[in-house]
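What follows is one structure encoded as structure tokens, with my remarks underneath.
Chain lettering (A, B, C and D) follows the sequence in which the chains are written, and residue indices restart at 1 in each chain.
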Amino acid sequence: MIQSRSTVRVRYKETDAMGIAHHSNYVVWLEIGRVDFLTAAGFPYRDVEKRGVLLVVTNLGLKYRRPTVFDDEVLITTRLGGLKSRLVRFEYALERVSDNALLAEAFTEHIATDLDKRAIPIPQFLRELLEP
Amino acid sequence: MIQSRSTVRVRYKETDAMGIAHHSNYVVWLEIGRVDFLTAAGFPYRDVEKRGVLLVVTNLGLKYRRPTVFDDEVLITTRLGGLKSRLVRFEYALERVSDNALLAEAFTEHIATDLDKRAIPIPQFLRELLEP
Amino acid sequence: MIQSRSTVRVRYKETDAMGIAHHSNYVVWLEIGRVDFLTAAGFPYRDVEKRGVLLVVTNLGLKYRRPTVFDDEVLITTRLGGLKSRLVRFEYALERVSDNALLAEAFTEHIATDLDKRAIPIPQFLRELLEP
Amino acid sequence: MIQSRSTVRVRYKETDAMGIAHHSNYVVWLEIGRVDFLTAAGFPYRDVEKRGVLLVVTNLGLKYRRPTVFDDEVLITTRLGGLKSRLVRFEYALERVSDNALLAEAFTEHIATDLDKRAIPIPQFLRELLEP
């Protein structure tokens, strides 16, 4: 799989006193993109406990290009940015649907842990699902 | 214990496009008041798993009296509003510290469950802690 | 219009350490239902400033019937619960889509204000849109 | 001013189904640190509209070192990381108070805008407040 696409509509709750979506919400939107990517790859995150693997965020980078406002529809494009024995990297673009304006670019990096939060190598089944 | 007092300062993140604290945050502030009340009563909620008891919200009522804005300090007063074999009720007042203005009045009702979320009677140790 | 229907999918961000959706998120979901109701009635809330009317929450009641977990799809049904010269009331049911289980029932009451947050009667154009 | 120090206590609302604070909350905590830094420097952010200057986030980097759980007290240390004609950079360390464990390191970069969100140079009064 090359990339997945998700959309969210900016909630009134997500606005702030500047009248725009508060920048912390972008981090939540990235997670929605990542969950959809994993689901599309065959790893629905709701089954994560059955698999015994957690993906924990270790690094986050976010460049904000344009603000977005209440009720805007936002397209999240998520792709695999890297896969090592102990690290998975996702890359993201956020665009406003109405005019295709780029809102933000981002990446997250993750390690795998067991359910007791001890670091483990990225499991083989997950590597196979993620690898192109 | 008659009542507990907690304070929060309105976060920029908690404002919305109207320029005031979004009404959903009040529900979070009530929880802070309740946790402080339980801790003061001898039931620190962080030990909840050791005790094997969860308190689950079943009913919430909130009357909003005045808006509050970024950086306001809010006083949360929490008191026990009722205690039955299967129900605990808390009552709350939210005031702005700078002028004692009443911001909201509220109640929450809770049942006890075990860690598998099966309803149980309010445990004896908790009744004893809460009873005046 | 009798009622509107909206859906949300429970975000990972919306879960808490009990493993269920935190109860404060239901308040956000009600707002999504209400915004969709108003939009369907002909009052898209994003145009609210052009209209010069804010709807401010003054009263909230929420009965929680069942917990819901990450990735559950939740149906929000919103209907007008009352309309007086200075008060609008909405009523809500939240159901899990997969099994139609009732998750919560709720109401909110609102007054109208101008953009300076001074209370005003419910404007005539809004009464006409909302009245059955 | 060299740096400012702020503390937050992890709210139950801020936990997620992994039992730890959700990573998006760290972004909110950075903002609390930044607001306290600006207030200490003589620029209380609640007066921002009187000054006619907004500080908009354009870049965010966050390295997560250790998870944190409900009721942990978190120390946020904020310092100026750079000041150019059109950019302000803040740097942050988050530590758990109980054992001084490093939880995260972060930076944010900001541009100034007027109240209509048009980019402007960092105003002179703000440069003077921020410069060591």
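Here, contacts are C-beta pairs under 8 Å (C-beta built on N, C-alpha and C of every residue); 3 or more make two chains touch, one makes a residue touch a chain.
If you're wondering where the values come from, they're calculated on a predicted model, not measured in any experiment.
> Can we say the copies subunit A and subunit B touch using the same residue numbers, with more than half in common, or are the two sides different?
Same; most numbers are used by both subunit A and subunit B.
> What's the farthest chain from subunit C if centres are computed as the mean of the Cα atoms?
Here the answer is chain D, farthest from subunit C.
> Compute the distance, rounded to whole Å, between the mean C-alpha positions of subunit B and subunit D.
The separation of the two C-alpha centroids amounts to 28 Å.
> Per the centroid of Cα atoms for each chain, what is the distance between subunit A and subunit B, given in Å?
33
> Averaging over Cα atoms per chain, report the distance between subunit A and subunit D in Å.
23
> Can you pull out the residues of subunit A that are in contact with at least two other chains?
Residues 12-13, 20, 24, 28, 31, 69-70 of subunit A touch two or more partner chains.
> Given the complex with subunit D, which residues does subunit A contribute to the contact?
It comes out as residues 18, 20, 23-25, 27-28, 31, 54, 56-64, 67, 117.
> Any idea which subunit A residues touch subunit C in the complex?
On the subunit A side, the touching residues are 11-13, 28, 31-32, 35, 44-46, 69-71.
> For subunit A, which residues count as touching subunit B in their complex?
Counting only subunit A, the residues touching subunit B are 12-13, 15-17, 19-20, 22, 24, 69-70.
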